[in-house]
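Look at the two complexes coming up: subunit A is in both, with subunit B in one and subunit C in the other.
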Partner chain A sequence: MTTEKAKKRFRITDEGPFEVLRILVSILIALAVTFVVLCFVIEGDSIPARLGNAGATFIKLLTYPCKNMFYFGYVLVKMVPLTFAGLATLLYFRTGLFNLSTEGVFYIAGVACTYFAVSEARLTGNPFIDSAICIVAAGLCGGIIALLPGYLKAKFQANEMVISLMMNSILFGIGFWMIKTFLAISGVTGTSSAPFVASARLTTIIPKTQVHSGIIIVLVMVVLVYILLFKTKLGYAIRITGLNQNFARYSGMGAFGLFMSVHFLAGFIGGMGSAVELLGVYQSFTWSQLPGLGFTGALMAMLGKNHPIGVTVAAFGISYLRASAQLLANSSPVIDIKLVSVVEVILTLLISSQYFLRSWREKQLLKEEQCNE
Partner chain B sequence: MSDMISSFFTPSFVALVIRVGTPLLFASMSAYVASLAGIPNIAVEGIMLFGALFGVYFSAISGSAWIGLLGVLAVGVVLALVLAFFTMKMKADPIMIGIALNLFATDFSVWLLLVWTGSKGTTANLPSKVLPTVNIPFIENIPIIGTIISGHYFLTYVCIVMAILLAILVYKTPFGLHMQACGLDEHAADSVGIKVNRVRLIAVIMSGIFAALGGAYLSMGYLSIFSNNMTASRGWIGIAAQAVGGGNFLIVTLTTGVFAIAQGIVSKLALTSLPSDLINTIPYVCVLIGLIGLSVKEYRKRRAR
Partner chain C sequence: MSDTILKLEDITKIYPNGTVANRNINIELRKGEIHSIVGENGAGKSTLMKIIFAIEKQTSGKIYYKGQEINYQGSMEAIENGIGMVHQHFMLIPSFTVAQNIVLGAEPSKSAFIDMKEAVRRTQELAHKYNFDIDVTQKVGSLTVSEKQKVEILKTLYRNAEVIILDEPTAVLTPQETEALFEQLEKFKETGHTIVFISHKLNEVMQISDRITVIRNGETKGTYAAADITMDKLTELIIGAKLEDSYDEFKHPVKDAKMLLDVQHLKYSEHGVGKVNDVSFSIRGGEILGIAGVQGNGQEQLIKAITGLLPFQDGVVKVDGTEIQGMNIAQKRDAGMSYIPEDRMVDGTAPGASIRDNLISTYYQKPKYAGKIFTKDGVIREESKMLIDRFSVKTQSEKEKVSALSGGNIQKVVVAREWNTQPKLMIAEQPTRGIDIGSAAYIHHQLIDMRNNGAAVLLVSADLNEVLKLSDRLIVMYEGEIVAHFASLKGVTESQLGLYMLGVEHQSEKEIREASYDD
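So, the complex of A and B:
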């Protein structure tokens, strides 16, 4: 009886609550460090004045997006590409693949999307179909590109991480060249493409904000990836292979087909994300360097514990701070979207540390044992 | 075009390859020494970027390039310690830590630029100092050899000396053997009394120093300013060279040499009317082909067995 009662009691040292505690402590530490960094660079004559200024700026940073609907909508807009990139990367990570090609896929699939989106001749004029053409084209492009490292990994067991990194640089070079040479406004040598046709762009769904229909697409994708991972045979194979490659092989799961499908799916999701971001936010293709969304996707996957819903939450949290920092950038010389990298790096360092808070937990468990005795 | 090709066989081209190859060799050594000891350092790119930025900053506030260089070393050691602490003490995945540090370096260096200079582009308005170029007496006057060997930046010679020392350390000293043992099997190494964590810590610190020096070379020699994202994937090339060569330092160095030649060809071709974006991908295509060739070869070897 007593043991059953003890089991039901909420304990912070249990697996689930402890994980939540770890994440909360990580967030607190990350924010505290950001505050300290702010204190160092903020203007102020004396130490109290600096602290005050930093405190005010810091609170602004944490609350600004809640001020009105437009700002909050901006958070949602920022969240869309991060979630897409996170979903793509989590498929790799779940399979035990350290593939970082989402960065390059985002770029080249964006070029594929632009190919259709800039020309009325390649579109129908129906907004729904036009957006779909561009998004599917980008997805297919991403999927096919991702098959290259997938094939090398599946067939020759090549080092997929280094290959994917080299591919990022190559895809950027090719993509940028294509944008400049074929997709720019004719006669103009610039670094951006011709403007997107209006019917290809995604529509705004919440009035007076920038929130576009991409947010619906991304939420649908989150559900689909969830179903794929936890309700299908392929998803089971993915999870088992990620846990133990040998077990998967010995139980008769073909590694070749699995790796190829995972790469195609991840590439497809990455490509879709790129198209949705471009058509939702941009007027034309203007990325003159790699957008950095693919690498952030790896962080999202890690912070979200490789779970689709976790990734969504992580993407929301990081987007919240990024959006806030970007909105505040004009009001303060030291606030910039890049400052959020402090939060990102500390969260990643702490959450990926298996031993973070472990000794504390063990002490608590030991104490409990002693009490019980 | 034939002018172009014949220009590849001149002493000045060899000198150019050495110039563009120095940061690549630093990056390769950084990736090599860390992964030899069993902690793959993916953060080479990020550490290089910070090395480049802090070299400029410290030399600008102190007025001395040498103090700037000391600062660079400190930055390299600090970042290496972060990597070592989280991977060894906190049991985090070194790859994840590496990705995080790289992203952090890319973004945070831009933020520091903004705070220090008010612009997100370059440190052109900081009065930073440059490490000297070294003209070797007598040798500089010999026609061909003088052009090739003499007149490089200070850190190029440091790089070459360090590469030789590293080769001696790895292949001729007990410590080198310990590093290899830790990389192959930490438990086996531990069982014969090697202090695995200490060996790895030293290896990772060396890795951090190499990477930071590679960055300093870029902003305190090759160029005299720091500009946004100036490492431009050089760190990744080092990691790729390590992946090709594995534990064999000679192959790592030779592979780096091939990439350096590719990079040298790129800087020559950049002067022509060919599309620069495509030209810039040449070194990465070389790396990619090298990696694919390597994995096909290993695949055949496995199948033959």
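So, the complex of A and C:
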């Protein structure tokens, strides 16, 4: 049996390699379409001139963040919240839950983080402990809030997507009111909280960049989520339930406890992400609308095929393009963050479509079969 | 008589997961013949029929119908051109009348409205013409299974079908109903219809067919006139080996066996309709109790109420003396119950998960396989390999997805997992439905091994032959009740059981009470 396994050849039509090929082709197509769009919007008198200009801009878009350490650091900074949100959402998706509450959790947990971060009286003065207090508080807040849709789902079979979307609006309303009423500087009208205490903020770990210690925290979380999913009993139950809930029930796995655990963990990770983003990048809480990071988390989970490593790679890739577009927006008249949306949309479409490249694979298999005869 | 009506030329079908279902299939159907397609399940019969009926598209190869190459885009086009199919699972609307079901999609109309009177007249006429004794104004929901099948056949005739494909039509019928169907099919020959008959049951195939095509592993193994081939030869062609007719020689008596399952006064109702009405029986260790009955007579609800897939309503169920009716599924399993469910793709496996993950789902929490938090991957890997080896699951690695396996191998994964907890009680629901004969025989031997080692086995199967071959004792269910109990199967025949299954005969209460032991 083991010798048979050793004989197994590498074939591009096997499940794993084929999946990788599919993703690579998707990326190529998405970039090609972006190039075509660029050709249309770019300035130029003749067609060759337009092509030339578009080509130059396109290459800039793909290489700009590698120009210097500061720019590349900007990519890493942007990647941190996307990875957090992706990790939280992939836990839901793996369990078969289409829950999008990470968006609202990001907001309300940010408020919880701010509650501690703006007041020296609630902190110790030790930078390490203070950051930890804020992050854990935000995590607990996110976890507890996420239990609500979890309970409704587990107990009453309520549709988690509808509930989570409604909840996002409610959480935003409550959070915004709390910031304005309790956490702003007294006497000053505005939508910002008081500034964070210095000891709560995360320290920069690479000199001359914005890269903060949050990148280490998020990488640790990636490893922890990987271990949770593939090495623990809970992770096993998550995977099996997500793939076939009937089978999980038949096997004797209890759905109630599992749903509650998953919601708490996902909420906790989302909350942590929010605190890390605020303490790493912001001076004070300034989100006057939902930050959109939670929804992007769903995108990361999809692109990363619900795998923690995949999510990290997806977050890096999307952050790279977004950062590049933002950095170039000042100097180039045609590049805008919206251009990157083209890439994101096409990637999501291709990667989530089951039939993409399927007939090609079938033909390859057919050829192989006929060769064998 | 020997005009070719439908011809398949080099049909190959490869599914997206890489499974080759058909490979260079060549079949020729003649006008006015009954042509049987036989082969193990998973041999590619169903796929082939779907290709003829244009539900699936062949990867390569050509189909000629009445001499013309055809390339239908969907089953509607096939129906319009005179190809009809009666599926294994009926596609009827229960709340519609027979006439409404038959004309559905091709209703006679009076200006903008459906002319229901005309529909009733036409369908009744059609039923008379083909000698179907059926009232077309009845609701389909109130019909028996065999009547529903007649409606399905009438549906194809209403669309002027010339080629009618019957996919395992006798699987849901009693022996008596099967006879009636066969008489009907003979008549179709006279009216020039071509019947494609798909079945597992070789004696039926031999009885009804003019010609027989054998398919093995997706390839044709030849077409034979039924008169020219023997049953033994046919079996050999289908599986490439001979199989034993009875398992009696493998069964060993088990001494001092305790009563391991005791079910008393179990009742189950759905929407106020009683599905299981006061059923009592018991099984000792070292015994296989079979439940026979036409599908839909409460067997499914009985099993699911015992195993916990349906909520328990009323009665007492004891496993080895412990009452389990109030327990959840995990607790029932801890009490010694194992369960091979009816539908391996819905309840029995997570097809998208690896074989390894599917092999441990019912006991991964036990200390041998996991600590407080972490799973013991090394132990699980070794155990999976051992199970794959012992149950000869055909795969390259335990990491392969279950969906990549054939039906028989998937079922082996289910049986291996349920076997591995060394259950006191094994509940096997349709354990070999839709799998190849080789795997089925293997699974039968596993059930007998468990029995010989002292487990109690409860076997429910729509395949009468299977129940008769395996069981030590047998009960027959009809309309949610036990109507017969046989303490020994010596001399019990299929047609005798058929009378009980149809509710024609009913044993005395005293005889039925013997299905339960007193101790």
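Note that in this section the second predicted complex is superposed on the first by the 363 of 373 C-alpha atoms of A that agree within 3 Å, B and C clash if a C-alpha of one lies under 4 Å from a C-alpha of the other, contacts with A are read in each partner's own complex, and residues count from 1 in each chain.
We take it that contacts are C-beta pairs under 8 Å (C-beta built on N, C-alpha and C of every residue); 3 or more make two chains touch, one makes a residue touch a chain.
Computed from a predicted model, the values in this text were never measured in an experiment.
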item: Joint occupancy of subunit A by subunit B and subunit C, clash or fit; value: fit
item: Partner chain(s) touched by A:309 [first = subunit B, second = subunit C, both, neither]; value: neither
item: Which of subunit B and subunit C A:20 touches, first, second, both or neither; value: neither
item: Subunit B versus subunit C as contact partner of A:254, first or second or both or neither; value: second
item: First (subunit B), second (subunit C), both or neither touched by A:246; value: second
item: Partner chain in contact with A:185 - subunit B first, subunit C second, else both or neither; value: neither
item: Contacts of A:231 with subunit B and subunit C, given as first, second, both or neither; value: second
item: First, second, both or neither for A:361, with subunit B first and subunit C second; value: second
item: Which superposed partner A:198 touches (first subunit B, second subunit C, both, neither); value: neither
item: Per-residue contact with subunit A, leading partner among subunit C and subunit B; value: B
item: Minimum C-alpha separation between subunit B and subunit C after superposing on chain A, in Å; value: 6
item: Footprint overlap on subunit A, where subunit B in one structure and subunit C in the other make contact; value: none
item: Residues on subunit B engaged by subunit A in the complex (per definition of touch); value: 42, 82, 86, 89-93, 95-97, 99-104, 106-108, 110-111, 114-115, 118, 120, 229, 233, 236, 239-240, 243, 275, 277-278, 280-281, 284-285, 287-288, 291-292, 294-296, 298-299
item: Touch list for subunit A against partner subunit C, complex; value: 1, 4-5, 8, 13, 15, 231-234, 236, 239-240, 243-244, 246-254, 358, 361-362, 365-366, 369
item: Subunit B-touching residues of subunit A, taken from the complex the two chains share; value: 41, 98, 100, 152, 155-159, 161-163, 165-167, 169-170, 172-174, 176-177, 180-181, 289, 292, 295-296, 298-299, 302, 333-334, 336-342, 344-345, 348-349, 352-356
item: Partner subunit A, residues of subunit C touching it in the complex; value: 12, 14-16, 18, 20, 23, 59-60, 309, 328-333, 339, 341, 346-353, 357, 360-362, 364-365, 370, 373-375, 377, 385, 388-389, 396-397, 401, 404
